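Have a look at this one.
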């Protein structure tokens, strides 16, 4: 029927439907549980690979290179800003009341990092102070 | 390994809303054109395997693979889906031919983002549920924002440079028949735009677009049966940097560094400067420069300012407009760049590099080296 | 399909899987890691030895993550490697192994890790709801279908055309759950009787609760390497000798459901590659896909191991028992081990691999085995994937 | 080592609850738009392949076998043979139903029992659980029971069910 297509608006139909379950309940796994418990106590935990010594933040069950189970949990310190961005409009292109600055906070000698809402003047590599231990973190640059 | 030839290519759509055809009908239209391009081949007899590239939540159908075979002539044939970018599908086709199970393979990919009513939420669904989705950042472009800030900090690329990319690509699109977002812009137009997500404005961000693309691949032995001047894929590679945002390298397209290492090695291409054109993913203006850099071109900011990447210069980048002009057809994005490259090469040049990216929030990309 | 195959020989040298359970604490990435680590350990390899990663997983809507392949790449060892995900609905598990095969056979990679994962537990109120979205959104979805309908319709047609009774079909469930009692990874092994099956809750007549495989979380992984280097790692490589896959058309209400012609097509492709001319004589052990009990019979016929409509007869005679002529689902199949969709398919391949290697432990079949076949099925009664392996 | 959990044990663990938003407006396209409009008028429309003569219901704009555009609208009968029928005691969310819902596939006329591929629909069938259980319904001729014209809205639901003639 390549040769007899029609294009009138009322002849072309669409069908509305969804592809949703009511909700998802994700388990977070043993390592994220340890992390979230630490977060409540104001601690940022990482987990160390016994072979290469890399510390993963947030902690991970396994090392992505050595592929072995990670060992001890360690508390990581000295957060700094790896990168940042400021958001002016939301997903639907509606202007936000207040622009939000989001950053990726990494920790000294650790792999990985956490998303954070940033106050103050952001700068790449700048040390930050954690104001609130939550997801996302709240930090002051 | 032997080279694999692109003997036919066809497309349909590239409009912000293909209202009159369902995605299946778009696939059929694109397939018809591709088979005609391949010398009027009969897909029911002359094709050994079919590959479709799609993702469930883009389609709104769980197991969307079900709808892959019929419209491309693949029912009751070896047909499969690669849940990835079209360029990954091309790599799988390349492997099928080299493994010997097939001589002629069809790779198909399509997108119907106009059917998706909750596009940002679908993108969000691809993010890690614990650490990224839970952060509830109001705009998913923030990942590009983080990446762009770091990239510009490291390389010295400025907002003016990004504007130059936007102007170049959107204008180049005016020459092609499938670029709904092409336009003439001046530097002031671009620089006066409001930021959506720092450092990106509305014109720095490409929009999704409806479209379907079908590519016919053939082995060295069979290629000339369908086409006197096949475009050869002499090298292909793809790679995933870390899929978790916090573990991936920000500000550098590591995935393309790895993918191009594989593809260039296979094609025995010593330097990316030796090709006649580059077709790289430019879903965000900075991504074009970042991707060109990852392919092994140094000092991209300076080169851009010297006019290196403009059409008619040493190394044209996206001379057909890229995604900024054409929009990105989701998983068909990689194939849309291949389509640009094939058309460009059919105009007479002898080689090109295609580099794709799967978009937010992934860190996956593929590279193909095309030669005549 | 080409007949003058020039491919490199491909060997499987390692496999691993997690137990299959209704609900797991671990994230999909962690499940994938657990299976991958075991497979690497068995192969004697480290992740840095692996060139490429193939991922298999069925609907994204189960795990509740869009672009699941990207998400799983981390646990499957795909970081900074060519990692891609293949997908043919329920048939994905065996397709993952087939894809692993062509990654190596094409010369693109020397060593491949193939990982399949499925976590069905996150969806609420029940994972079943996801299956409403596999149907045509305009002509079928408005009727609010569930997955079991599709199986029930095919089963009833199969029973009607071939005059097969529920009792005959229930024997599959009995056999597979008995076999699963020997499988350390199994979710639902045990001794049941035909009566138990017939007395269980009617879900969608003719399908009852014990006709069905359970909902599960789990992962499985295999390592495939180039034949030239296989003996560096093991004395007993298991060779992939034939692969085949076929997709029928989308419109399942428009075709005969009593016989899976697409499976026959896929099987013929795989058999031709492996040089099998008389499947019933040349195949020693088989793992047909059995998410529902009649499916195993349906697939044994499609694999040409029984004539149309005669699989139940052979089953009754003990032909497919663990000590029979062609043991079928010695692992316990999906009915006994569990059904984390893609992982269950790869589990079938792993079962054949262990049988051929002679390391299946209590699952090992009585007679000596040299040629094994694993098969999976999926989409809207349209996809089949077949792999033939030899020792 | 992995940790299996029971549903009630989930409470002791951290979980993330997320409400997905995945809404679509599926484009029916050329073939299905006309099909749906046909249903509104009480007609079942199919497309015929000029090469092999096969009729596709639900219609498609291409013949999958010939890979050729189908060329002609044909109206098939709203009557056919029950190929298979089942009785469902569970809903799509797996809740228990008191009264079973009966569905099946129907091979629509004109077609012959020898056809492997035929015009057909998946729909509800109005019959008793016993008809299904005894397989009496299989092979029976059924006809569409249409909704009253004013209630039809161009949907597969414009047919209430198929009932035995």
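In this document, chain identifiers A, B, C and D correspond to the written order of the chains, with residue numbering beginning at 1 in each.
In the analysis below, contacts are C-beta pairs under 8 Å (C-beta built on N, C-alpha and C of every residue); 3 or more make two chains touch, one makes a residue touch a chain.
Small disclaimer: the values here were computed from a predicted structure and weren't measured.
With contact taken as defined at the outset, chain A and chain B are each touched by C, D. Each chain gets a centre from the mean of its Cα atoms; the one farthest from the centre of chain D is A.
In this assembly, the C-alpha centroid of chain A lies 42 Å from the C-alpha centroid of chain D. Distance between chain B and chain C, defined via averaged C-alpha coordinates, is recorded as 33 Å. Put simply, the C-alpha centre of chain C and that of chain D have 28 angstrom between them. Distance from the chain A centre to the chain C centre is 35 Å, each centre being the mean of its Cα atoms. Residue positions 19-21, 32, 56-57, 60-62, 69-70, 75, 115, 117, 121-122, 125, 129-130, 134, 242, 244, 247 of chain B are each in touch with at least two other chains. Shared interface positions of chain D, i.e. residues touching 2 or more other chains, are given as 3, 5, 10, 13, 16, 18, 20-32, 36, 60-61, 64, 69.
Shared contact sites, meaning residues of chain A that touch two or more other chains, fall at 2, 5-6, 12, 14-17, 19, 21-28, 30, 32, 64. Only residues 2, 5-7, 12, 14, 16-17, 19, 24, 26, 28, 32, 56-58, 64, 82-93, 96, 100, 102-104, 111-115, 124, 135-136 of chain A touch chain B when the two sit together in their complex. Considering their complex, residues 15, 17, 19, 21-32, 61-62, 64-69 of chain A touch chain C.
Here chain C touches chain B in the complex through residues 1-2, 4-7, 27, 58-61, 64-74, 78-90, 95, 99, 101-103, 105-108, 130-131, 133-134, 137, 243-251, 261-262, 265-266, 269, 273, 378-380, 382-383, going by the rule given at the top. Within the complex, the chain B residues that touch chain D are 18-25, 28, 31-32, 35, 42-44, 57, 60, 69-71, 73, 75, 112, 114-118, 121-122, 125, 129-130, 133-134. Residues of chain D touching chain A in their complex: 3, 5, 10, 13-34, 36-37, 47, 61, 69-71, 154.
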